[in-house]
Structure formats: structure tokens, C-alpha cells
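Chain nomenclature is as follows: A, B and C, assigned in order of appearance, with residue numbering initiated at 1 for each chain independently.
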Amino acid sequence: MDQILIQTLHGLVNGMVLAMVASGLTLIFGIMDIVNFAHGDLLMLGAFVGASVLGMTGNYWLALLVAAIVIALLGAVLQVTTLRPLIGRDPLTTILATFGVSLVVQKYALWQWGPSVRQISEPVHGDFTLFHLQYPWYRIVTALLAGLIIGALWLFLKYGKYGIWIRATTQDRVMAQAMGIPVPLVYTAVFAIGSAMAAASGVLFGPFAGVTQTMGFDFTLRAFIVVVVGGMGNLGGSILASIFVSLLEAYAAIVVSPAQAVIVSFIVLVLTMLFRPTGLFVPTPK
Amino acid sequence: MLVLDNVDAHYGKSHVLHGVSIEVRAGEVVGLLGRNGVGKTTTLKAIMGMARRTGGRITFEGNDLHGVPPHGLAGLGIAWVPEERRIFRLLTVLENLRTGLDRPGITPARREGLLEKVYAYFPILRERRNQAGGTLSGGEQQMLAIARAMVLEPKIILLDEPTEGLMPRMVAQIQEIVHALHRDGVAILLVEQNVPLTLDAAGRVYIMEKGTVRHHASSAELRADQRVIHEYLGV
Amino acid sequence: MATLTSAPPILRTEALTIRFGGLAALSNVSLAVPAGEIRGIIGPNGAGKSTFFNCLTGVLRPTSGRIVFNGEDIAGLPPHAVSRKAIARSYQITNILPGATVLENVRIASQSRHHNWSMLRHHRAFTDVIDRARAVLADVGLAQKEDEVASNLSHGEQRNLEIGIALATEPKLLCLDEPTAGMSVTETHATVDLIRRIARDLTILIVEHDMEVVMGLAHTITVLNYGEVLAEGPPAEIQANPRVQEVYLKT
């Protein structure tokens, strides 16, 4: 019973972090049909930048902010240089391009920060008592923060002036252009936002397991699973799916090792593709 | 103001416009008539940069539209109301209007003024302002599409078959709106298959067939001699 | 025109109706096409012309009514079964194989009619199929271009190739969906000549917006409006029919 409670918390916390990563990914896919294989690596870079800033200033929150901003800019530069020229081409081309970026980013990180694991220490210490169990405050804070950021994103999309531009462009790029919306700029901005969210996720997740060059891969993998299960381009769906899949994995980890628990995610993916390919949390298309 | 000079256009391999020459002066309502498939919509798409222009020039107020990116046309004063209306279905009526209202350099006062103006033209849009665009009826979507163009404060509206699929009562309403826009001084290039409406609204009419302009006359002339209309639009 | 009325019609529809929810795309459409006729189907936008073709060729299932072809009830059959009944269709959007040569495009279609299951012989061994393909190419005026890669053809030639592909399946009924769409005046005239040539041994249904084409080619014209048959008769009669004029000029 205790195990289940702890794993539920793990699942929820991990789910919220994953939701942040997946939100960025699904936003990018929804608006410009780009499958961003480098997404997890942007998370990784964000974590490294965060670790460096933390080392220099000792301020966790500053590290979080700087990492998000730096990676947002990097994302914008990447989109303009490698992805914008590929607009309108065969989707395989963009997949290869982002895959290439992923490899370059990983090697860069290795060169820049070396092979040893970096640490990001928690900004909030101590445990939170639930019934008779102890659970790190920091993890709760992470989940709340992730929720806040996703909420802010949702509000921005729904009510912000540029949020309307993004939603209009997602629905009908041609008509959006005809209304004077600068679509190429919107694409770059969305990619930057997605990158920033990935970077923030990296810094938030840093204290959980340390920062390494390969930490991005697991996130990219899970984020893709979640985006498909939640419905591609569907923000709400990917958030629900993130929590759903993370909870399942957390419970599975009671029985098998955590490394094997990821199999559960794949099973969910396969079942979704077989029975509800448009997404589990998407209303069935008529 | 808007001049198409000997324009050729292609969709892929298909040579869809052959030497099309059309002119719309400031404040004019000009009609573009023709049967299905003759190239009327393609002509509008060529102006909007959506069909590949392979010959001739398109100029607006003397400036060649060639290098202008698709999102730059609204800023020049060209608004488009496409055949399929293309309402942003998941945005509310108000949000649809905001895609045109939220322009750089526009003051809140002017925004409010424009919004009030289109609500005055189309009271039903005020009523439905928080409803998703996709839930509106066909006629209401057409009104929203026109309102959306109006809030851009355009110099010319490219209006593509606004009465298609609408009930007679709505057709009359659209006719009224075209008149009102004309009184406002907005130029309109009206693509239509509805002959009486076009002859009533437009001063001059071009008739297209098979990708080219076959006839050009004033509405008065076309009304006087019905044979031309019969030949190009009848059976 | 020879009287075609003595033999039973090769195609007959009885009260053909398709409803999508509350909307009747086709409503009680009954027509009879004698063998060997060229039948034009016209009507304003949304009249149901494409829906009618889709129904005939098995893409859509009718809500009610019958389609009788060569004495057989074919309503509701899937498209591949309809094709085997010798009904062929060309499409508004060109549907050729762009990477294959002109001859190959037609040969593949022809081969589907014969030797469907033999996998062991090389395709070059099927001389009968190749001869048939060449004959079709001659009919559609593409004999000189048999080795040309299909994507290199002009738009008009590609549309004609599409007719050739349909012809190669040896249909008894050929459905042409706006065959001259997007063509220049010269290309249109060439296609009209082509259709006249192949009409000898075929029954042809043609949907068109180009009035010159359809009035010049068709023996009989059926006018659809809002999914219903508005009028039917020889071209001259249709052109003189005030209700038809009204529908076209007031829409």
C-alpha cells in the first residue's frame, strides 16, 4: 500500500515533467508538422546550461530562467537555419534534419561539459509528510511548477494576442497569411517556446537523476509515445496522456525494474495505434 | 489600382491562366463571371500568390506584387474572402475577427470602432461572438468571412462566390453588403456565377472562359444585350 | 443518329437516392442510357454530378434505388468489383503513374484484364497485352510518345493518357469526369476528337462544365440540379429549355 502511494506520487510528478516536454513537442508538430527528434536533446542542453549557471551563481531559479531563455534562442536559430529552408518538402527530410541536430547537440554537450555527470542540487530541501510517508518537497514543487508553466502556456494560447495567431496558423496556415499573420515568424516563435519548455523540464528534472549527455533520449522517446497516445497536436490530450502513461509506468515499477517498466508505455502506444490511432483522449472522428 | 497585365499561371503542369488582363480602380466594384472551372478563383489565387505566376505582371498601386510574401498582402490593403470561406473553426467569432484586428500600430480606440462597425453590419455576429466559428451556419460563416476582411480596413476585397450555397434571403443580404461596402469606398473584385447579382453590384464585368478573359463590358451593356451572357454562362 | 432505342439500355438507374444525414445529394435519379450513346451530365455547382459518378463506380453506396448495368444490379458493389463489370472511370485529378512510361501506364491497365495471376513470365512476354496497349495509345493520340516518362507529358497529354488507361481495361461503359478541365482551347479540341474516335464501340458518360464540348459531343444530355433530374434530351432541346437557362444564369 505504501509502495502504491509512493509510486502514485512518482507517476504524477514524472507525468507533469513529461507533460511539459510533450506540450512543446505536440505544439511544434501541430503547427508545422515537424517531428522534432532533437527535442530531448534541447532538454539535455537546458539541464547543462542550468547546471553551469547554478555552479556560477548558486541561484537555482536564475539557472532555470537562463536555461529556458538560452535554449529558446538556440531553438529559434535552429529553426531558421535548418528547418525553415525545408518547409514544404517531404516530411522525411525534416525528420532527418532534426535527427542530425540531435546528434550534433549531443556531441557538442560532450565536448563542452565533458563526460562526467553534473549535479543540480534541489532548491527546496526537506520532505513532505503524507500520512506516515516522507516524500521530497522538491518533487512536489516540480510538479506544481510544471503545472503552472503548462497553465500559463494554455492561457497564452487561449487569450494572448499572439496565442490567437498561433492557433489560427495551426488551423489554416494559408488563411492566416491572408489575414496578415507573419507565419514564418510564428513558426520560429513556436519552436522557441517548445525549446524553452524542454529546457525548463531539463533543469526541473536535473535534481532527480543528474545531468548526462544521453538523458534526452528517454524523454524524446516517452514524449513521442505520449504525443501519439494523446493525439498529435492535441495539447490537453498530451497532458492527460503524460500523466496516464507515467502512472502506469510507476505502478509497473513496483513489479519489475524501472528500466523494464517503460515496456508498459510501448504497450499503450501499440494499443492506441491499433484501436484509437487518432489518440486515446481525442473524440472519435465522425 | 489593381492591375493584372497578361498574367499566365500554372498549377503544377496545368496551364490554368492564359494572358489574363484585368483592372480594378479605386472604389470600383468589378465583376468576374464565368462557368465553373474557367479560372475565376485561380485569378484571385494568382493575386494572392497562391498560384504560380509564370507570365505577365500583377501590380497594386503601382507596386509589383511579385516579391511580396503572402502575409504582406493584408498590410498593402488587399483582403481575401475565399470561396470556401475558411473560417478558423476552432476560434470564436471574436477571435476570428481579432486575427485581423490585432494589427501592429492599431490603437484600441480604432479596434473598438472597427468591431462596432462590423457588429452594426452583422448583428448576428455580436450575438454569436463567443461561439466557435465552426458552429455557425453557412450564411453566418459567410458574414464572418466578410467581416474578417473588413476589419483589415482594406483598399480592395477579393470576394469569391459569396452567394454560393446560400438561400435566396441570404443572397439578398449579401447584395446589400456589397452595396454598403461600395458606398464605404472599398473596391471589390467580385467573382460570381450569379449573373443578376453581379450585374446589379458591379459597374464593369469581365467574362472568363477556359483560363482567359473573353469579354469585357459595362453591366449596362450586358443587361441590354443578353446574348453575351447566354453564350458564356448559359447552356 | 441511328435509333438506339430498340435494344435495352446498357445502364439504367431507378430512383437512385443518396442521403448524407438530412441532405439529399441525389434524389430519385432515374435515367436510361442506350448502348453506344454519349450521354452528357451537366448541372450547376453542387448538383450531384460527381456524387452520381461515385455511386456508379462503387465509391459511394446509395441510400435507396437501383443501378442496373448490362442487366445486373450493381448498386453497392465495391469499386474493384465494378471495374470488373467493365465500367471504367477517369478522374478530375490526374491519376497516372508519373514515374512509368506512357506505354507502361497503359500496359499495366491492360494487363489487369488478362493474365492477372501469372507471376512467372516476364512482362515482355505478354505480347498480346503490349499490342493492345499500343492500339489504345494510337486511339488516344499518344503512339509517338510511348517511351516517354509520363510525368514529362504536358497537362493535356496526361489527361488523354488517363483516358487511355481507362480504355485499356476494355470497358463497356466509360465515365469521364471533366476530361477537359484545365486544358487550353487546342488541347480541348484534341480531346474532343479523341472522345469521338473511341466512342465507336463504347457507351460514354461525360460530366463537363465546358458547354461547347458537351453540346458538341453528346447524343443526349441529362441536367441535374440539387440532386434531381431537371431535364433530359438532345442538346438542342436542352439549350432551348428556359428552366435550364434559369438554373444556370440565376445560380
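Things to note:
Convention: a contact is a pair of C-beta atoms (placed from the backbone, for glycine too) under 8 Å apart; a residue touches a chain by one contact, two chains touch by 3 or more.
Please read these numbers as outputs of a predicted model, since none were measured by experiment.
With respect to chain C, maximal separation of chain centres occurs for A (centres as means of Cα atoms). With centres computed from Cα atoms alone, the innermost chain of the structure is B.
Between the Cα centres of chain B and chain C there is a gap of 34 Å. Distance from the chain A centre to the chain C centre is 52 Å, each centre being the mean of its Cα atoms. Centroids of chain A and chain B (each the mean of its C-alpha atoms) stand 43 Å apart.
With touch defined as above, chain A holds no residue shared between interfaces to two or more other chains.
Across the complex, chain B meets chain C through its residues 11, 13-16, 18, 35-38, 164-165, 193-196, 210-211, 229-230, 233-235. Residue ranges on chain B touching chain A, taken from their complex, read 48, 50, 69-75, 79-80, 82, 86, 88-91, 95, 98-100, 102-103, 148, 152. Of all the residues in chain C, the ones that touch chain B in their complex are 42, 44-46, 154-155, 158, 178, 181-185, 188, 209-211, 215, 223, 238-239, 241, 244-245, 248-251. Residues 161, 164-165, 167-168, 171-172, 174-184 of chain A are the ones that touch chain B when the two sit in their complex.
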